[in-house]
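Just below sit the structures, each encoded as structure tokens.
Note that chain A is present in both complexes that follow, paired respectively with chain B and with chain C.
Coming up: the complex of A and B.
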């Protein structure tokens, strides 16, 4: 606190229970917020640079290493972008298998965030492990749910972190009916556990806080979106994913060295569970819709603290969807399409657990990558997170500083930010002071 | 009788994808048991509670890519009794070590609009190039079984069982027919350290080297065999230059096949 007592700052040098390394800085002057910085000090790794000169077939494995929490999202966006560039489309059972793999990642990632990273904020614990001392059964339910997501990824992809079976055009190997069948029983348990999770999180106390977000998510003609669809928003956006760069840009802001994603002519926007849910409620299964309503959610939810309930609804949907695919699985004769390299540009955009992940590649005639652009969800949400902090703090200045700091930290965790992902593209660093 | 103090465990992250420390949280069946046997004193990905060092065992994920991190790893070493590096970034510099073969200034200009703000080193290097490391766990990501084996060994004061033989041994044990001999599929298994359980060949895919070089790998011989299978020299360079590109044996092999 300054000698005058008029200027103070809230600082969380290292945010806990987020993926990657970042900090938070909020400056208050004369009782008003004068500066907000979500700081990212995760060192850059330059994926877009070293992807140049690599073969198109290498992109799924290399880009998976951007994030150990959502490697499937990177593999899916990369594979779809390459297939777009090569003029092929994966359909039928291979498409279903990709969706099954993605369900595994959603279940795993959402269960991790809901139980181990986010719920401790609502129940007043330092971590899920501390929470387990008083709520062992709950944490064990969360761990078992998470494990079933991991089992799906392991069976389909070979392992849960950086799966090995995904390739451009399909898979290296597809599972037999006999291999997938035993998953059905686990998934029925998981579906019930996810339903219990929705009911449990619905009972938390949520701060009274809403924002008029522009939600951006994929929308598909039949399904709750994962791999495909058009990019839409609640404020008039409706474009093909190939038009992404015409509608979004990254801009520099004066208060930090970060470039933030904005929708041209509109400003910041939100991606992730709240956006997907708000734009696709009608694509959820009847059970997931009913669970959401019973949890007190409207078809659109604008309170970021309630994202824990929405994440639980999505986990429920993913369990049901995975069960549907497992029960109707009919393996294809070949695990992957034949591909011929050619010159071209391809776009891919899929729904990572944290929101849309956009990839664009330009290939030469030999199928070598000449240009790569990757825009992960957390870098798109960064400006919205900061905006929410600007609005959240002023009404809570009467709180003691440690309490207010904790609340701000919680606000950031609402977005399940994945800083490891974001950094490599965020085009943001701190001055090295 | 005095209750023995629980050993203090810390996890620190450098340049990486978070996947190797996530492996610890992915041990769903063992996590709470492990948390009962050790004091998790510093594990930011999982907990806000941070206890000061010294730590009995420190897991380090990620590679050194900034001057600040080169300094930070020395501090981490100074408060750690046993320092264990986990994964390809920490043990070999990771995928980001591809910068070591290029011009990092040009890389920065490609990715960042304002290159002058970027504070980064020319290279990505493994932890052991900066401080003394007591134990290395390979892999991109690490194997959960090896991670638990290492934790268990430390808790019981014994030497961990971490084989240094090649993936081929695991393939034989698993009963997977040799992809290269039977199907002519290029595979890095003969020169790659085991630990993954010979995963890729079981998915009818050639090994791509996540666990880095095995002990005394014959990369020259494997390179000749791959060329007989129709693999070009540039593709051989790329094959050795992925997640363990900076591991000496793979680095030498990639340079040897450069046109």
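Coming up: the complex of A and C.
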């Protein structure tokens, strides 16, 4: 920064340790923030156009290809939306199996972010690789935890990347008891490792920073939410998934190819682990609740830097939930419901590791897709990330520019943004006048 | 001696990023020739898994920063990190270059890791290689087969 400090800019042309690529630009004028732009470049709407004219049954597989990081979320939201349009509901063991598959994605996604993308920020390392040189055992634990998530996805989903066994109405194939049983031992190890992860991350130092977020997440009558529930917030929202578009609006902004999502009449909101946790603490298992309390978390956490602890609590929950399903698994007689195409509109909203992923489809009488809308979690968080930067930077202007730039990058990483999903490319510019 | 492992890395639904996987498929069709042929999306942890226990690994991936589209470069990653200017096509937070360095930091990098990087010209959504990369595909398959013959001679 220049000593007279008229205009300065913080620039991260290519944000590291986030999925996909994009950029961040922060402009300071006379010692105050005058502009913040989270830049996302790649056109995201390719897939919505590509889906038109395709059969309803193709949506889970096509949309899973939008993102190699959270394919299960895309399959689940697509399958649920189609089932809604066709008037069927997947229940019993098939519903349990979907939950097991989602646990796999949460475990692998949270383990990667906690250990290799986020922890280096708290331990003072440039990257997970630098951290691994000093903390090989910790990194090995993270990799083993992630691998167990991958194994779940391979066994239930048919393969690790872009699982192929999910279909509208259920699965193409379901695993036998014998196939799932060996996972129990791995999951018991994973549960213990996840508990150690909560304790480890609880010991990090967190900047003193909180926001009065509107948390938005699913809430289910019994479970910590993954596939189903009503959409609720801590500021008065309580709607069915089918009412999503009546309450949320996407706005175009010139600096990003991802649309900004706002709650009509309220503004920006936060989705993801902090929101799910804050709205569903009472739905966690007793062990996960106890681990959270021992880690110093209240039932609501508004410090985005502590999201690393919340993610660890959710990973612990997912390990316990997966273990419960594996141990009680009783395969159904048929892997999927029979479906009859019909004209209609369907909505699906499920909890990707990064937050709610909303799908809406309109089908014609032959079951062909006429309209598709997909709203990924990172584009819903984009405006909140920018708002947090507006508030975060002014209290830290005494920092040298490289240090301040690094702090801004760290703030963005708190949200585990998936630019691949929201679109693709991320690059930080801090401009100071 | 362990079989060499050939890993074709990439995403067939993102243009030239499909190159590595196309090479792996071609090699499988040609018969494995005493090698394990794998396809990978390039996520670092899965690559490290694939490295485990192997003594010789050949990685093939599309990249940017090699030269003109279709240009091929051969790098020995066991000797040094991949050049900073060379950006593999993956959109993963941790991709091929990070997998190699993470494995090295954890003491799990195989003794011989050869990387074939091919300059891609388009990485937009949708399948299909550009003409230049399609042309390079044949050359890379031949060079990998040559490496495998060389490994076989050395171990016989």
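Just so we're on the same page, the second predicted complex is superposed on the first by the 406 of 433 C-alpha atoms of A that agree within 3 Å, B and C clash if a C-alpha of one lies under 4 Å from a C-alpha of the other, contacts with A are read in each partner's own complex, and residues count from 1 in each chain.
Following the convention adopted for this analysis, a residue touches a chain if its C-beta (ideal position, glycine included) is under 8 Å from a C-beta of that chain, and two chains touch if they have at least 3 such contacts.
Just so it is clear, the structure is predicted and the values come from calculations on it, not from any experiment.
Taken together in the superposed arrangement on chain A, chain B and chain C clash.
With both structures placed on the common chain, the touch criterion links A:399 to neither chain B nor chain C.
Of the two partner chains, neither chain B nor chain C is touched by A:32.
In the superposition on chain A, contact is made by A:128 with both chain B and chain C. In the superposition on chain A, A:147 makes contact with both chain B and chain C.
Of the two partner chains, neither chain B nor chain C is touched by A:240. Counting residues of chain A touched by each partner, chain B versus chain C, the larger count belongs to B.
Once the two complexes are laid over each other on the shared chain, residue contacts for A:184 go to neither chain B nor chain C. Touch criterion met: A:54 reaches chain B, while chain C stays clear of it. Of the two partner chains placed by the overlay, chain B and chain C both lie in contact with A:46.
On chain A, the surface patch touched by chain B in one complex and by chain C in the other comprises residues 16-21, 46-47, 65, 68-69, 112, 116-117, 127-130, 132, 136, 139-140, 143, 146-147, 150, 160-161, 420, 424.
Against chain A, in their complex, chain C makes its touches with residues 11, 13, 41, 43-46, 48-49, 91-94, 98, 101-102, 105-107, 125-126.
Partner chain A is touched in their complex by these residues of chain B: 13-20, 22-23, 25-26, 28-29, 31-32, 35, 40, 43-50, 65-69, 94-96, 98-99, 102, 104, 106-108, 110-114, 117-120, 124, 140-141, 196, 199-200, 202-205, 208, 210, 235, 238, 242-243.
Contact residues on chain A toward chain C in their complex (touch as defined above): 16-21, 46-47, 65, 68-69, 112, 116-117, 127-130, 132-133, 136, 139-140, 143, 146-147, 150, 160-161, 419-420, 424.
Touching chain B in their complex are the following residues of chain A: 14-21, 42-50, 52, 54-55, 58, 61-62, 65-69, 71, 112, 116-117, 126-130, 132, 136, 139-140, 143-144, 146-147, 150, 158-162, 164-165, 167, 172-173, 250, 252, 257, 259, 335, 409, 418, 420, 424-425, 427, 429, 431-432.
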